[in-house]
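The following block contains the structure, expressed as structure tokens.
In this document, chain identifiers A, B, C and D correspond to the written order of the chains, with residue numbering beginning at 1 in each.
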Amino acid sequence: MIKLGIVGLGRIGKIHLSNLLNFFPQVTVQSVCSGGGDSLSYAKELGVSNLFTDYKAMLSHGKLDAVIIASPTSLHKEHILSTLELGLPIFCEKPIDLEIETVRKLVKKIEEKNVPFTMGFNRRFDPNNQKIKRYITDHIIGNIQTLHITSRDPGAPPLDYIKTSGGLFLDMAIHDFDLARFFVQSEVTHVFSQGTVFGNAKIQELNDIDTATTLLQFENGCFTTIENSRNSTYGYDQRLEAFGSSGRCGYDNIREDSTYLANSEGYHQEKPLHFFIERYQSSYLNIMKAFIKLLETGKQSMVNSNDGLQSLAIGLAAMKSIKENRLVALTEIL
Amino acid sequence: MIKLGIVGLGRIGKIHLSNLLNFFPQVTVQSVCSGGGDSLSYAKELGVSNLFTDYKAMLSHGKLDAVIIASPTSLHKEHILSTLELGLPIFCEKPIDLEIETVRKLVKKIEEKNVPFTMGFNRRFDPNNQKIKRYITDHIIGNIQTLHITSRDPGAPPLDYIKTSGGLFLDMAIHDFDLARFFVQSEVTHVFSQGTVFGNAKIQELNDIDTATTLLQFENGCFTTIENSRNSTYGYDQRLEAFGSSGRCGYDNIREDSTYLANSEGYHQEKPLHFFIERYQSSYLNIMKAFIKLLETGKQSMVNSNDGLQSLAIGLAAMKSIKENRLVALTEIL
Amino acid sequence: MIKLGIVGLGRIGKIHLSNLLNFFPQVTVQSVCSGGGDSLSYAKELGVSNLFTDYKAMLSHGKLDAVIIASPTSLHKEHILSTLELGLPIFCEKPIDLEIETVRKLVKKIEEKNVPFTMGFNRRFDPNNQKIKRYITDHIIGNIQTLHITSRDPGAPPLDYIKTSGGLFLDMAIHDFDLARFFVQSEVTHVFSQGTVFGNAKIQELNDIDTATTLLQFENGCFTTIENSRNSTYGYDQRLEAFGSSGRCGYDNIREDSTYLANSEGYHQEKPLHFFIERYQSSYLNIMKAFIKLLETGKQSMVNSNDGLQSLAIGLAAMKSIKENRLVALTEIL
Amino acid sequence: MIKLGIVGLGRIGKIHLSNLLNFFPQVTVQSVCSGGGDSLSYAKELGVSNLFTDYKAMLSHGKLDAVIIASPTSLHKEHILSTLELGLPIFCEKPIDLEIETVRKLVKKIEEKNVPFTMGFNRRFDPNNQKIKRYITDHIIGNIQTLHITSRDPGAPPLDYIKTSGGLFLDMAIHDFDLARFFVQSEVTHVFSQGTVFGNAKIQELNDIDTATTLLQFENGCFTTIENSRNSTYGYDQRLEAFGSSGRCGYDNIREDSTYLANSEGYHQEKPLHFFIERYQSSYLNIMKAFIKLLETGKQSMVNSNDGLQSLAIGLAAMKSIKENRLVALTEIL
């Protein structure tokens, strides 16, 4: 049995806990750590025996085989460092941290310690994205030339969340930056981004934006554009198109159901699945499968701490690009 | 130059006239014949010189190379017979006549005279139907096993029209019966049909129906079902699916445009093209191309008088089936 | 805690067992009964303590609150009768039995005993079917006038299965007959069916068919057609269309993923989900939710033993219709 | 009768000639002018009486009501100036000229002369684009926030054409720049573009590109991205999406037909209509309708010489942006 500890039992931590309990007979969630209150009771009800509010206490209580860090971003650094001291494999939710310098140092330490580290970029493990990846790497569309990602949330998060999340680029678009690197299979050299607030003006007061269009330049010359918004009225919008020398591939949104209604006003279908919890249900499960397999086989992680570093740098470059309305080289950030 | 005469300038006659004038530089519409009034003025405005209200007068005025019969069904017999006397090739709108005995005799005479005769089953020449025909004859779907046709009008015709049209089976579904024979490439042996009036009760007073579901048994064993309605609220519904040992093929409706709108209520697209004039615009043109080519090359018509006879017989069998609520053999009609 | 027993641990029994263990914290699977061998070991591994090969032994060992009958059809009668003696609520897989007389008697007994009885017509609980049901009952498409169901399996079952399954109508199309009654909300009066073997000739030797087109007449006048095949080369084909006075509704197949590929040969999308296990995953879960809720609330089952009787009768009428090539009244069967 | 002259009978000139002859009974094509050879014979065959190789000769022969300039871009200036002297309304194909200074002067002169001038940006008159325009101006999608245009040709034009066409931005993407202004209803302030040659290396020798991704900044803040390629293997790709505060709208490609084929390899549909001749057939007709109506009513053109100037400036800015890999203000060009 693989003995896991989980720190952080917010929305994402709970998804991982529930998946681990339901789908991994070879895993025991030995202990969980959380700020306390409801989330610990929740874990207790599901049968977790060891509940902690102090992460170091959790680490020192009985030997763990690996930990899952789903705590607030501001605590990641501390949790990663404590875990590294014990040399335990880490699954860490994105972003590692909001400061590039902090992340760079952590990545260095992780590499020195040679500890298995999986960034929680679960969307790479979405079945549609996996298929697209295959179409690209098997050259089914020839050589990739352009990539266009559309990623729009059905609403802005609570203002309190925005205050500490790092904003649109670091809490939301960072997934799209990672996907772009995943598909283009090259490193970003320059970023040009436009951003503004079209919706709730309070977002502006918090120095964040709710809409952005970003253009990425890659070393291998693939042109990439990403459209982000927090104001989609028609549901969670997650689409992608890759164009290459032999064709194009992509995917449309997954609807709530497959029904249609035709009447005097036209032909109607359902909205997309509501939000990321519904849309990426299998991605969360699949990335955990990959992590557990990693623990079992000792192989390299498919998405590591450097992936976390690169995506953060792209996000910071995008923010700088908007502020200065110019193309920003990634070397200005990294 | 091929010299044509047209008799009948209703809705369909006008389509043929306009197509001949616009798209066939090798054809002259030498004369037209019509009940008179507006339709003759219409032809005059388009530049037709010889206008008649008497068909025999038209036939005896200057030599014609062929005639197009688009007159009311009740006049077809007389117009066909007069034309046959001169041995002129005929393009005739469906149905040939409402009486099976009359049609049988006419078909016999047409065959005896060995006069090129094309039935106006234009839908065979629709690009979608042509593609499906190819999928079937080239065995792209293997051997055809079942066929399902959905054919619904966006509204009932005027009651006056129904009085003389022969009703749903002979004025509307007859196209679907012909398409079924076209695709299945075999002859119908038995018909089972259900029919009723779901819409305007006055249709019932005229002994007609506005809704029917018909099952055809073919010599080669292909199972065929046809759904007809005159009460489609969502536009003209023309769809088809053929299922075979290696796959299925078919087509969906053609929408008014290709736009979509996604909003908080879902995903919306346009209605189908309004009615047969819009939907089968190219079919009317294509069948005329085929007829003109026939005149030029002397080849056999792809849709002849026997096709008119068979489809009429199926329609009459369907009516008998509804009345007696039983399977009817085509031999009971033919 | 609700204490359940399961009899029969074939493909379907295992689905129910697994769903009960994973998604119903308020339920204990107290005991299972099976022919023995692998399936009992499987249940043991999942943590079921009481394993039986004799159904009566299971029933007499500790009190149960309800049983799930997923045994071979030929054993249903015996299992239902033993359970009725104890007055326990029953969830029974379809069909109840292959003999109409047997089923009629069982239904009578179930009604006399007033025992909650749920037929395992899980497709009624499919989210697409639930939505269509709402479109119909809320008159979103006005009054339903025609219904067309397409239901094709990606291959024939093993010949051994066919020997005892009752054949295409009783093991496969019975689901479609039930769905038709579910949507049309009326009783079938007459059946006309065509059927043949287009695929494996050995199916014919077993007196079964692999392809059928069936027409149902309902008391309320709705015209229904059903296309069945066991030879779909393009995956499991489950589609449906209801046409009414204000519009039409339906659903298309659910594809394996949402990707597309456009290249010089056209535009390509994935096949439908492979078979019923994948396609109706949520239906199996939803019907179990409904059954458990029934146990908790004491309400009437949404799909009862009479539903099992009617669907069987339709299937038998379809078989008679094919044999005699005529319309068969349900009164000839029931 | 409106008397028109046409100068230039290449591919586009012939489309206009044929449309005018077939669909405008109120118009006479009084004379045509062309470099000579085949194109004049073509016009003669269609019945045009007055054929010229010298534009001034055409203008002085018999009074015209307006002219259509479809000559090579390098001759536009001369043809426009001669026509302006006579004060005749002009329909001019894009671009007006490749030099911004030349165009600026011509626009000034056109405005001074107050002569009706219609730029041949026919795509504004495409039914899909007209519908999208209505969705935007009627605020069906709320306030427009982002626009994404995908515009890919099924192959590069002949190298000889590229030598004088002005390259990808001035012969092809200029349509997309105009559409962007049409939909966003504001002026472009800055342009950021990436471009390269992914296909035929000879295009590079001619200093042109075959692939570009362009980002436009508008005065009203709408973010716009345009993807262009000359290397689409899957047919002519013309798609568009507008996102606003209440929803999104757009359109997909129009396929060659509406058929599908489902088999063991998936679900297949046809490629898009081959190229602009097929795809924009109705746009060419519609813009001519608008021009003729303009002549009849004396109203303002919906797409004028300033529209030609702005789109050219955007194209030149895009070229400068690629060369200098930076954001370029339109004021640097205009």
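The rule we apply is simple: a residue touches a chain if its C-beta (ideal position, glycine included) is under 8 Å from a C-beta of that chain, and two chains touch if they have at least 3 such contacts.
Given the structure is predicted, the values throughout are model-derived calculations rather than measurements.
Greatest centre-to-centre distance from chain B is found for A, with centres as Cα means. Here C-D and A-D are compared, and the pair linked by more C-beta contacts is A-D. For this pair, chain C with chain D, the centres built from the Cα atoms lie 59 Å apart. Between chain A and chain D the centroid-to-centroid distance comes to 42 Å (mean Cα coordinates, whole Å). The multi-chain contact residues of chain C, meaning those touching 2 or more other chains, are 233-234, 246-248, 262-264. Within the complex, the chain A residues that touch chain D are 142-143, 145-146, 148, 150, 152, 190, 192, 194, 196, 198-199, 211-213, 215, 217, 221, 223-225, 227, 229, 231-234, 237, 241, 243, 245-248, 325-327. Those residues of chain A lying in contact with chain C across their complex are 22, 127-128, 131-132, 135, 140-141, 246-254, 257-264.
Taken in their complex, chain C has these residues touching chain D: 233-235, 255, 262-271.
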